[in-house]
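Here come two complexes built around chain A, the first alongside chain B, the second alongside chain C.
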Partner chain A sequence: MSSELTVDVARKGEVTVVSPVGRIDQETAADFQATLMDGIREIIDGDGHMVLNFAGVAFISSLGLRSLMIGAKELRAADRKFLIADLTPIVQEVFQISRFDRVIDVHDTLDDAMVALVS
Partner chain B sequence: MQVRFWGTRGSISASLSAADVRGKVRRALQQALAQGLTSADDVDAFIDNELAFAVAGTYGGNTSCVEIDAGGDDYILCDVGTGVREFATRGLRKSGPGRDPVYNVFVSHVHWDHIMGFPFFIPAYIPGAKVRIHGCHETLEQAFRTQHSDPNFPVQFDDLMSSIEFIQLDPDQAHSVCGVTVRAMKQRHAGDSFGYRFEKDGKVVVYATDSEHDLGSTAEIDDLVGFFADADILIFDAMYSLAEAVSLKEDWGHSSNMVGVELAQRAGVKHFCLFHHEPLNDDDAMSEIVQETRRFAELSQPEDTVELQVSAAYDGMEVVL
Partner chain C sequence: MAQTLTIANTEAAVIGVRDFVATTATALGIADATAERMTLILEELASNVVKYGFDDDTRHDIEISLWREDESFCALMVDDGRPFDPLSAGEPDLDADLEERGIGGLGIHLVRNMADGLDYERTEGRNRLTIRVAG
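What follows is the complex of A and B.
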């Protein structure tokens, strides 16, 4: 089970969409967090919100989830939104087990998340 | 070696209420009605094989106390929370006429829930009984003496009739007690706590409660993996969900089931045992957490590794290694 992760970052209007593909675990979480925080700093220095498109995430470990919490806290402190969309079934299970589904704003699809930002 | 759990609850003892017991009885009877049970043996088999543990039993409510039975004539206990009263009532197999066991206590730290059972530890009151309290904190003796003083408790520490010795441990050195090699490791907790690794005849028990883990610190995680390495059982503080541990309850000094599973898998642990249960969690919640933890262990299991056994400690549980 080798860990590979690519992270695409795109700007859609006021929204930064971060799309990781692969496993976010002990081996990849540090790079993922660095990319995430770069995007968050740009938002805080400028404007907008962040949506994470998780359609391509096969697994996330505790260290990866911690990165999400750090990112969510940063944006909430700046009165910006941090949403996650399109969890794969296994990641959805991990969110339930970790109770992250109770503390992070999760949406079924990327479109749902984008709509939630403007509503 | 054998491990016996006399107290498994975190922070404060948590008793079942009359309503809790009624709820269990009701669920058991509802299931039993459909079974057509006719004999006592049928009833026992039904309880043991059909009823869920959360219905037929309970995880218990006593605070931390775990016995490590390494054979021999003496006792080893980890912490003396309220569970030590049960140990002193039901667990004194090596005591009695003509026997002179030493009661060795290893204290993770001196927060109240880990020492509050000592005033009800009967051997402490028996003339000639030998109690050795081992720990790494300079405040070890002071904490026990303060608890046994006005206005906290009517019996003063110096009036206890046993022979009580405090033994300061150096966490950087191995110690030998009852033929068991014991190592301590400093843990992240308010005022520090210490985990203990017990080794004898190739068997390893690690008692690691009241510890939070900095997932971002590679050095800290590597040290933990080394301390837990190849343990036959890892008794682990999994009080909070991961979400709690990294948000609202960050820096509260406790860990989660998920972090424990990941550390155990990296360390090659055989049996991962949830411990220091959140007192807010009832038996159904605990059973759900056990199932979820087993599932997470499946999801996170590294390739070419042996499946991790996962359980939740309960008061009265025995594990033979």
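What follows is the complex of A and C.
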């Protein structure tokens, strides 16, 4: 049994929605970071903002947090928005302990995040 | 009786920790949320030993044992890397703004906050860390 992570990337208007499904851990964090950074580069080279739909993320370790922090910094430096929506309980716990809610805009649902972007 | 896994000090070997914890937790009747906390703790700790524990290029063993104690899920991790007490490691600055905040250093912070008990000993040239996660 190995960790599996699929990452769906969809464009909705000027928002790129990245939806990882699975575990972001020792095994998958490097691939997650590569996909995330591809999406971020496209946004920075073009236009728009990014929303991460975390409804399908069952687990995240500090390696995954590191990727999110790098992504958040890149987008902030380019004056783009970076939102995360729909955290599962263990991911929420990891975010609280790491105080990621201080540095990344967290929303209860994907819809909430999309509304927050246009308002 | 404890179940034990011995892994080499490589990033690839750390991947095996997850299956070991999941399988043992199921056998011991440990709840999924408790098992996931233990997985996170052991992945962070083992990864840390692999990254920072050794100066040489030879293979070292990291030994992880798991058992149940009443409602708690417990682990003992033993390695012969440099002395490292996670309880006395420095805290990352979590109050900094995004621009100033470091990108890493959260692993040990997560370990300290997710574990309900941590007990470190350095004996016979080995780090011995006992971890308890309440069920």
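Keep this in mind: the second predicted complex is superposed on the first by the 117 of 119 C-alpha atoms of A that agree within 3 Å, B and C clash if a C-alpha of one lies under 4 Å from a C-alpha of the other, contacts with A are read in each partner's own complex, and residues count from 1 in each chain.
Simple rule for what comes next: a residue touches a chain if its C-beta (ideal position, glycine included) is under 8 Å from a C-beta of that chain, and two chains touch if they have at least 3 such contacts.
Here the structure is a predicted model, which is why all the values come from computation and not from measurement.
When the two structures are aligned on the shared chain, A:Met69 is found in touch with chain B and with chain C. By the touch criterion defined above, A:Glu27 reaches chain C but does not reach chain B.
More residues of chain A lie in touch with C than with the remaining chain of the pair chain B and chain C.
Judged by the touch definition given at the top, the superposed model places A:Pro89 against chain C, while chain B stays out of reach.
Of the two partner chains placed by the overlay, chain B and chain C both lie in contact with A:Phe59.
Residue overlap on chain A between the chain B contacts of one complex and the chain C contacts of the other covers 1, 26, 59, 61-63, 65-66, 69, 73, 90, 93-94, 97-99, 102-103. Looking at the complex, you find that chain B touches chain A at residues 215-216, 241-244, 246-247, 256-259, 262, 266, 292-293, 295-296, 299-300, 302-303. Chain A meets chain C in the complex at residues 1-3, 23, 25-27, 58-59, 61-63, 65-66, 69-70, 72-73, 76, 89-90, 93-94, 97-99, 102-104. Per the touch definition, chain C reaches chain A in the complex via residues 11, 14-15, 17-19, 22, 33, 36-37, 39-40, 43-44, 47, 94-95, 97-99, 101-104, 106-107, 109-110, 113-114. Within the complex, the chain A residues that touch chain B are 1, 26, 59, 61-63, 65-66, 69, 73, 90, 93-94, 96-100, 102-103.
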